[in-house]
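I have placed the structure first, in the form of structure tokens, so that the comments after it can refer back to it.
Chain lettering (A, B and C) follows the sequence in which the chains are written, and residue indices restart at 1 in each chain.
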Amino acid sequence: MGGPAAARTNRRRGRLSEPVKGLVGVLIVGMVWQFAAILGFMPPAYFPTATTVLGYALTLVVQPVFLSHVVETLASMLLGLLIAAALAVPLGVLLGRFRVAYRLANTLVEAMRPIPALALTPVAILVFGLTSATTVSLVVWTASWPILINSVYGMHSVDRVALETARSFGFGRWQLIYRVALPSAAPFIATGIRIAIGIGLAVTVATEMITGAGNGVGAWIVVASSGGSLLPVYAAAVLVGLLGYLLNYAFERLERRVFAWHHSFRGEGV
Amino acid sequence: MHIADAERTAVLDVKGLVHAYATADGVLEAISDLTFSIYEGEFVSIVGPSGSGKTTLLKVLAGLLHASRGDVRVAGRQLTGNVPQGVALVFQDYSRSLFPWLTVRANVELPLTRQGMAKEEIARRSRESLAAVGLLDFERRYPWELSGGMQQRVAISRALAFQPRLLLMDEPFASVDAQTRADLEDLIAAVHHRYGTTTLFVTHDIDESVYLSDRVLVLSAHPARLLLDRKVTLPRPRDQVKTRELPEFVHLRAEIAGLILRPKGLAAGEDA
Amino acid sequence: MATEPSRARAPWHSVRRILESASLIVALVAVWQIATAANHALYFPTPAQIWSQMVISWFTASGFTQNILPSFARVTLGWVLAALAGVPLGMAIGLSPSFAGYVKPIVHFGRAVPAPVVLPVFMIFFGIGDAMKIAFIAVGVAWPIILNAIKGVESIDRVQLETATVYGIRGPRRFLRVVLPAALPDIMAGLRISLALSFVLMVISEMIAASGGIGYQILQSQAQFDILNMWAGIVVLAVGGVVFNAALTAVERRVLRWHRGLQGESA
């Protein structure tokens, strides 16, 4: 891939750097979109130009009403994520550590995991009504699985040698978990959380769209597009996409910094 | 049997080879003005300290890297930009150079399936080379089912079946234990005796280089330069215990060690 | 690590695994039955009741052809379309590093946009019929497939590529016999993720477009307070998801036999 040495070589040879290339790619897509929209295949209400979408998105970003919806969505997602992590990480650590428990639980996990949170929306509505608790509960359901599975995977990936070394120094069972297994598994757990962020955001927005409970970006989209124009949808897609992209990017950077010592981040990989 | 150098066929001709690469601190030379030749049927070792550009040299010869300056000819043909034909390379990291989705036999046969060779011929070659390394019984196994030494033997078998004009080996036994290494050394010596493959063998192990070769080339530390080109006249077949006791072995070993193991003294005099 | 093939142990191993899983499922259903029967909660019927409801309204000829079949057909079609387009595209991007720099951020962004957000766009452009749902699923699910295909190609071991180069393995042969197998584990992982996502998108498209299918039935039942039918739909959906996933996993196991062996563990 890259790294500082490759970047220097690239610069020396007059090639574009990665971020610039990415920007160029996005610009090209934007220009194609603009051109296609101007050609007028579809009415502007359904296929606005890229510049229109961008302009509208920019006005939204500073609009307090829209922003409060965004905050609402983020709050639901984060709360759901926190609860999910609080449940799934300890469970995953235990299941990862004790093989017998894992084999028992695995069947259950594999049976329940495919149930999309959205299919359970009606159940959540019945239990919680049309409140944000519905949304949060569904985020908890969705986010728990990747976190759980990655936590178990992380525990299974702990280096035997490290464990045995620690054991030879007299560490007890729980100390081994806390001092050796957990730090080793932490990067994997973090990956699970990062995946859960992406999915959690999608589920939050989708649930808001279905319940239309009046709060959150999803509800905003439903209301805003009821006027027949798709412009709000496009703008919201850009903004939410950007939000998700940035969250993912920021979390990845954080992971890299906190877990720089882990072998999956050192060296050139394979 | 001695044949005058000028009358023998040079399988490999290297003249004034330089390999340099750009870094943040300017241009660094890995190889600096290397000149030597290797003749048909010879087993030549290249030995030098770690990081002395030995691997870089092999990669240039195999066509994986480009020479910055100089002339390299394989079997009379100059290296252009492409991979030279008839050159096989055995990597140090055998576990990564074998393809895990192919059986042992399929791994050995893959390089052969190109040239429009008949299936029977391919099968014959792969079975023969597997038998030569003693792995015929394992032809249907996958690489991960084999030990490290066995995997390296598969890699060697693959190179043999290819029937290369020039066999390059990059510290092939560095990643195995001493016992296995001794077995593999004798294996490669036997194989060379049987097939007469021209071999260029890179190692950092001085004993190994003397034990196996007809000739030893000693490289200096980075940037690599040729310090010594010495014929080895120890009798063949060689024995792990007896040969290593012979005076010639001990002297040659000491001479090479003296060149390699005192890099400080050397660098002070040779620094440009 | 292993010095003897684990294939000899495989048949008994998987039989034992199936028996374990089956008995576990039976035990769980029993617990479920006892818990819900004891509670008499309005919103949580017993498995027995759910089963009879399923037989009555879901496993009938019309139930099958109007709801179960179309929904699962849409999922399959959407996913297959995404795979057929996404895998080659992703691999092509991964194989040309200079081009990849331009395209990767776009793909990452596409993945970051939650598909439900753009559902209204699909409904305007395609209506609310099958075409819309299939297109929606296909487009929504393509991103993880592409990303994983790119990753699969980019993370191929350099030593393997060098080996192939040295031995003169070039062109289509190189692609089919070296690049593709090496990238396959990541590609299969992407396909598995996308399958789960396909179900999600199928459900949401049916719930919002309100024109038939399992998702629609579930939501409709809840609105009409037909709790039993709602749960029956959820169970049908869950079982469908499990079956599809198990099928794909079985295919993955077969195709990636060598990969599992490499990791020394049964997935």
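The criterion applied here is as follows: a contact is a pair of C-beta atoms (placed from the backbone, for glycine too) under 8 Å apart; a residue touches a chain by one contact, two chains touch by 3 or more.
Note that the structure is predicted; figures quoted are calculated from it, not measured.
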Per mean C-alpha coordinates, the chain lying farthest from subunit C is B
Between which chains do we find the greatest number of C-beta pairs in contact?
A-C
Chain-centre distance (mean CA atoms) for subunit A and subunit B, in whole Å, is 49
Computed distance of Cα centres, subunit C from subunit A, in Å
18
Check: subunit A positions touching at least 2 other chains come out as 270
In subunit C, the residues touching two or more other chains are 157
Quick check on subunit B: which residues sit in contact with 2+ other chains?
96
Which residues of subunit C touch subunit A in their complex?
20-21, 24-25, 28, 43, 98, 101-106, 108-121, 124-125, 154-158, 196, 199-200, 203-204, 207-208, 215, 218-219, 221-222, 227, 230-231, 233-234, 237-238, 240-242, 244-245, 265
In their complex, what parts of subunit A are in touch with subunit C?
1, 15-16, 18, 21-26, 28-29, 42, 46, 103-104, 107-108, 110-123, 125-127, 156, 198, 201-202, 205-206, 209-210, 217-218, 221, 225, 230, 233-234, 236-238, 240-245, 248, 269-270
Interface with subunit C, subunit B side, in the complex: residues 62-64, 83, 85, 87-89, 91, 93, 96-97, 99-102, 110-111, 113-114, 141-142, 144-147, 158, 162
Which residues of subunit C touch subunit B in the complex?
1-5, 157, 159-160, 162-163, 165-169, 173, 177-178, 181-182, 184, 258-259, 261-262, 264
